[in-house]
Amino acid sequence: MTRYVAVLLQTLVAVALAPGLVGFIRWLKARLQGRRGAAPWQPYFELRKLFGKEAVVSHTASWIFTATPFVLFGTSVLVASVVPLIVAPAGRFLIGDLFATVYLLLLGTFFLALAGLDTGSPFGGMGASREMTVVALTEPTVALSIVALALNAGSTSFSEIVSRTLVQPSAALGPGHLLAFAALFIVTLAETGRLPVDNPSTHLELTMIHEAMILEYSGPYLGLIEWGAALKLLVFLALAANLFMPWGIALSLSPAAVAIGLLSFVAKLGALSVAIAVLETRVAKLRLFRVPELLSVSFVLALLAVMSTFLVR
Amino acid sequence: MSFGTLGLIVMVIGYAAGASVSLLAPSDRAARVLTAIGAAVGGIGGSIAAASVLITRVPVETTFASLVSAAGGIAIRLDPLGAFFLLLVAIVGLPATVYGITYTGEYEGRHSLRLFGLMFNGFLLGMSLVPCAANVFTFLFAWELMAITSYFLVMTESQHAETRQAGLWYAVMTHFGFLVLLPMFLMMAPGGGATAFADLRTHAALMSGPARNVVFLLALVAFGSKAGLVPLHVWLPRAHPAAPSHVSALMSGVMIKLGVYGVLRVVVDFLGAGPAWWGGLVLAAGSISALTGVLYALADNDLKRLLAYSSVENVGVIFLGIGAGLVLHSYGLHALALVGFGAALLHTLNHACFKALLFLATGNLLHEAHTRNMERMGGLIKGMPQTAVLFLIGSAAAAALPPLNGFASEWMVFQALLSGVQIPQPDVAIGAPLAIGVLALTSGLAAACFVKAFGISFLAMPRSDGAARAREAHWSSRAVMGVLAAGCVGLGLAAPRIFDGLFRIAAGLSAAASSASPPAVGSLWLAAPNGVAQVSPLLIAAAAVLAIGVPMALVRLRGLEWRRADTWGCGRIQQTARMEYTSSAFAEPLRRVFSELYRPTEDLSINVHPDSRYFVRSITYTSAVVPWIERAFYDPVASGMRAFATQVRRLQGGSVHLYLLYLSGALMAALVAAWWFK
Amino acid sequence: MVADPLSQLVMLGSSGMLLTALIVLWRKGIPAYVTAYRWQSWLLAAITATVGYYGHDPQLYWVAAVLLALKGIAIPALLRTMQRRFGAEREATPYVNTETSLAIAGVLVLFAYVIARPWMTITNLPTRQGLPLALALLFVSLLIVVSRKKAMTQVIGFLMLENAIALLAAVGTYGVPLLVEFGVFLDALMGFLVMQIFVYHIHETFDTIDVEALTRLRH
Amino acid sequence: MNPSLSLLLLPPLIAGIVALVVRPYRRFVAWVSVVCAAVSFAASVALAVAVVQAGTPDDPVAVSTLWRVDALSALLAVCIAFVALLASALGPGLGGADEEDPARMRQFRIFTNAFASTMLVAVTIQNVALMWVAIEATTITSAMVIPLTRTKASVEASWKYLLICSVGIALAFAGTVLAYFDFVATAGEVPGALNWTVLRETARVLHPQLLQTAFAFVLIGYGTKAGLAPMHTWLPDAHSEAPSPVSAMMSGVLLAVAMYAIARWKAVVDAAVDPWFTNSLLLGFGLLSVTIGAFSLVIQRHYKRMLAYSSVEHMGLVAVGLALGPLGTFAALLHVVNHAVAKSMSFLLAGRILHRYDTTEIGGVTGLLRVMPWTGSLFAVGILALVGLPPFGLFVSEFLLIRAAIVTSRFWVAGVVLVLLLTVFVSLIAHLNRMLYGEMPSGVAIGETRSWPLVALALSVGVLIVLGVTLPQPISTLIAQSVRGVIR
């Protein structure tokens, strides 16, 4: 029972931290680009503002449009409750494994793309089309990264992967792990709409992906979507962090372990955020039709990861 | 008399009576009802028989040796595997039957509904008998009964040239499969003349390796052509759109699955699986089908053709499961192999459910919007809200989204493939991840595909008058669709329990693993073969309801102010349907990415003002996807055949002298042979 | 080789029959063909009678008589009538010219000997030397039917083919049973009459008896 | 003479004589023909029943010095009498809208009856040479009916038919004479030396190579008549130009009679020589026929020619079956029966179609299912049966044929035949597809006329289905006995 409470709490922590993570990256980027930038907690203010506003819904939109923000937010929360954040998962962990996670995220994206089409706005359609393209192309990489991890652990379950990596630190530095990490990192950028795949801060019509889909959203709906997207980013970073370098994760529920877990979690997120921020200041956005090339690179990385894991074994 | 026998008798009588009585019906309306009554009785009988066999696990057997004794008589044996497929017929057949009552109403006076009733019931009877057959003749008989009747069902709307073309393709491909089937079975038959399946099984074990390989390849080709494996799938995207929608549902949901049945029956049951390359070949065929199917589905604007291609994709997924099972089996991992076969069966069931739902819903769409072209639909969610919800459920299931049924089976296929990675052979260890990658890509693309299918057809503004005027169909058709949608949800949530049963069915096929127990833990958890990775669709559903419901409730409690406004149109005031993203536009990015596969032909024609070319009157952009796989495989055959036929035609040149010369030549040849042979 | 008179006579007669067939290949006018056929039939009747005389088979006299009446007199007369009706049409350009025809005929005679050699030994009938000649006549008649364009020439070729078979029967088996023999005669007569009718049909419908015109039906 | 045999042979003869004597033509002549054909059919069934009851294959009924009816004869006789009855009942002259010129109808009745009698004689007589006489007579009688309407095409077709078949059949006589020569030379003069039974009994002592040569002649000769390629060339012309009832008889049973002669001769030769020889020749010509028949169907513009080429293909299958041992022979004989029923039915329906559409082109016949729903459906059934689909009889025989090829380890034969069957299927279904559906041409009356022939033809469908679904015990016994009669 306590385990469930712990999971619930850590999920709430993640939900709470997510806007901050986005704000932190934005702040860091501004600093790196020589601007002052808004404070890292700026997103919290934005959310509060959005939740206070009135929502405007298109005449053409149906219930899909209004349901989507909740679906997106809900699946993000659900996924956050599954992945290892602060406390290490043990045994049969809540509802599913890595594949289930991926498909849950896909569920959110599915609805988001539908909502993009729902208003009849050309931008929405464009965004939906592009988003689905990118998501479809990232799937094999995700799956193969999972395989690379599962090869070591012998299972796609989170608890097995985490505990096996903890027991066998050498495996974490093996070529398979590193390649898989690289692949998953690229996927993270693509799935969460970061540069060089998508620019989270642009509203330039022809380059939008994520922003194009949510163009019609306003008020609390937009707030939920933004929040859900931030949570998705956090989840992906958490996955990258805890599956490949699970050290520091709380193995028991003692206060000290949990504290260490929380600290190490924040630290790992911070490190990855820095990486993203640095990357986003260094690279330009790719043309849409170059994105598949990037994704195929990530696929090859993941395949190499699997093969090298196999060969090393 | 057991329930099983009774059920079979009711089934045969029901279908046969439905066929004959509807042929003699006094009016079209009566024919519709009689067709349905016969089919319903038959379906209920079939499901009783199937259920009793599945529950008791005792096969039902009967033989009518006196019928066609020269070919071995008619023999029936319904074992659990057969019962599963028989149940499948009923699961899709009953809703399709009820749906058909109103759906065929529009044919009244235009097509012969009596003939339709005959063919419809004959089709159901053929499909029901295939899994019951216990000797070669009975099997082939049922198989062809199914093929012929479905050909005529496809030809129902024969006034369209496209339909006639489709019917031809269908007939040819199905007969091709049949002609491959024939030697396949006969090669397995022992020399003495016995063609009962039991004899085949015994004799297959004694056959030499190469002969077994030939049988396997023939089986894969024959059943693959029925199941729609690429490149033998060509009939599928033609015939399914041409057929009436509830027939498409049956064809896609059940008929092509009998190809899966055939492969399981022959390759796993009779041949007892084989070397690893068999599995590898099946995996390759599955991968190619899955990927090609979904990519063509994505590129298509015809909603029914999209669904047909999606069937190709799903058959590919099923064969991935079978292939994984075969590979594992060949390495002696019998219990793991059963996971592959079980996953294949599970996906068979799930696909039948959601594809039938989608086809039926599409039927209503066609009926209302009078077009299969998605680019002339749109906004249907307003006129047909319930159909929209049902279609959405089907789409989500087809996109393998949790917690619906498509997800459960794809997850199991993933796990079966993952088990392959553990085999210490480089080719397997590389092949299995590749298959996993393909499966993942397929599911991603399937999601994109069904976003398109649902989004373009149902959402935004209507693109044609028909779409604008669309209203809900008759309540009965919505009710059966509701049943199927409930099935999609229910099968998803209850997947662990169902998988358990399917695993046992698969275990019955293989002597080596008959005692293996399924890896599932309880009825809540779907477990991977190693038992560690687990997923619970039911808990996912519960958690998702919570995670979505709680924020919703919170926002509602806080009070949500909202108002309606126009969609932002870059400053343009009046939004029109022409501004919407179209189906082609939606698929455009992926079409570019996979341009090698699609090889689209593009044509841009700009009509300018005669005085100045800067005044553009209209721009027309057409892009057609050329299914080059079909061309690559079938054009050479067709042109070769025609070329040879042209040569043969020359023989009949008209001159009697030439003919007498042939005669004399033949005489000389025969005389030389007689002189030479001692 | 024993100088058996029967053998000598049969050889002579058979060679004569073959020669008449070769004449058809060589000459171009239909009257000449009819004459050749008449001679051939008379020779056949003579051979049959000879075989009957030496073989002490009185039945064969009857056969010879019918042969003479039917093939030696009646059919040539009917052919002559037909020829007059259609005018003196010549076999202008056969498919195979005369020289080549004769060369092919030579090859066919050789072929007949090759085919017949292995089974010539099974009998010691004095007439057995006629067997390859009969076979050769059969092949040459086939050549006539194949290579000549006029319907009438084809009919004559076919009649010669029948003669060849009759010769085969006479020299190989001293004639088939009488019942069969008469059945065959009846067929031959009926067949010829029907052919004659059809030649008239062709002439009526196509205004020619050139079979080359008959190439409407093809493929 | 056995009374059943008399009742089999005499009625058509009587009907023919009646038609000859009564002039000008009267309608009762046609009725006499139909009744006589019915009597003949009943007699044939009675003979078949007697044969089946007799049990053993070499215990024929109705034996005399001239006649002999064993299982194979009875089988063929039933087929001939059935098709003759059908043709007689559906032929012109019975009244109705499609009446023709009385002179033509008289001619039709004379010669079809003569044609039927000659065929019946051919299968029941026991002297090989007289059988030859009868078969030669079939050529003459049937050739007379082809140019009933004196068009250029029909004259041409009949000339080709007559000439090619006469030449061919003469070769068969040459073969017969050679075999007789062999017999006389090695076994001496024996009464009834030309009888099947005697020939077979003594075949062991005959000179094998001479017998082979004889068989070569016989095969080419009767093969011409049976429509085996490359001697089949007369067949598409004659079958397409003849009046449909005659086409039905020619295609349905005349070819089968020629195959009967080949099967009988094969039995004789096999007794003397290794069956490998006859089997190879039959396989060669059979496969060539199937190939040419199949590929001639691919680009075919006329539906009656289409049916004719399909006959070439089916006779090829029969020849292949005869070469494949007992099981193959069983399949071949069953195929003969099935083909007789299916092909005669299809030709008779083609006649109805031709009458309505007034064109023999496939392209000219569209929307058949709507113009003539029943004719169209039955025609479709006929074609589907001909391509060998269940539940029709040809499926069973083709199934057994493939089976025979595989049992005798001739896998390549099975493979080639299957590929060719697919070609046939593709072509026939494509043509059928074109005819059944599509727009109705203008100026074509809609609806069925004179529907009772359809009932008769539907009966044929029933026969085909019975043969395909149950294959009744007596029939399979009869065929099995026939097989034992020709294979030992």
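A, B, C and D label the chains in the order they appear, each numbered from 1.
In this text, contacts are C-beta pairs under 8 Å (C-beta built on N, C-alpha and C of every residue); 3 or more make two chains touch, one makes a residue touch a chain.
For clarity, every value in this text was computed on a predicted model and none was experimentally measured.
Student: Which of the chain pairs holds the record for C-beta pairs in contact?
Tutor: A-B
Student: By C-alpha centroid distance to the whole-protein centroid, which chain wins?
Tutor: Smallest centre-to-centre distance to the global C-alpha mean: chain B.
Student: Round to the nearest whole Å and give the separation of the Cα centres of subunit A and subunit C.
Tutor: 99
Student: From the C-alpha centre of subunit B to that of subunit D, how far is it in Å?
Tutor: Averaging C-alpha atoms per chain gives centres 43 Å apart.
Student: Taking the mean of the C-alpha atoms as each chain's centre, how many Å separate subunit A from subunit B?
Tutor: 35
Student: Just curious, how far off is subunit C from subunit B if you go by their C-alpha centres, in Å?
Tutor: Each chain reduced to its C-alpha mean, subunit B and subunit C end up 69 Å apart.
Student: Please set out, as single numbers or ranges, the residues of subunit D touching at least two other chains.
Tutor: 159-160, 163, 167, 171, 209, 213, 236, 296, 299
Student: For subunit C, jot down the residues that touch at least 2 other chains.
Tutor: Where subunit C meets two or more other chains at a single residue, that happens at 115, 118, 142, 145, 154, 211, 214-217, 219.
Student: In the complex, go through subunit C and note every residue touching subunit D.
Tutor: My answer: residues 115, 118-119, 122-123, 125, 131, 138, 142, 145, 151, 154, 158, 161-162, 164-165, 168-169, 172-174, 176-177, 179-180, 183-184, 186-187, 190-191, 194-195, 198, 201-202, 204-206, 211, 214-217, 219.
Student: Write out the stretch or stretches of subunit B touching subunit D in their complex.
Tutor: Listed in rising order, the residues of subunit B that touch subunit D are 66-71, 112, 115, 137, 140-141, 144-145, 147-148, 155, 158-159, 161, 164, 167-168, 171-172, 175-176, 179-180, 182-183, 186-187, 189, 191, 193, 641-642, 644-646, 648-649, 651-652, 656, 658-660, 662-663, 665-667, 670-671, 673-675, 677-678.
Student: Can you check the complex and tell me which residues of subunit B touch subunit C?
Tutor: Counting only subunit B, the residues touching subunit C are 649, 652-657, 660-661, 664, 667-668, 671, 675.
Student: In their complex, what parts of subunit D are in touch with subunit B?
Tutor: 159-160, 163-164, 167-168, 171, 208-209, 212-213, 215-217, 219-220, 223-224, 230-231, 233-234, 236, 276-277, 280-281, 285, 291-292, 295-296, 298-299, 327, 330, 334, 369, 373, 377, 384, 387, 389-391, 395-396, 399-400, 402-403, 406-407, 411, 414-415, 418-419, 421-423, 425-426, 429-430, 433-434, 436-438, 468-471, 473, 476
Student: So in the complex, which bits of subunit A are touching subunit B?
Tutor: For this pair, the touching residues of subunit A are 51, 54-64, 70-71, 73-75, 77-78, 81, 92, 94-97, 99-100, 103-104, 106-107, 109-110, 113-114, 116-126, 128-130, 132-133, 135-140, 142-144, 147, 150-151, 154-157, 160, 215-216, 219-220, 224, 288-289, 292, 299, 302-303, 306-307, 310.
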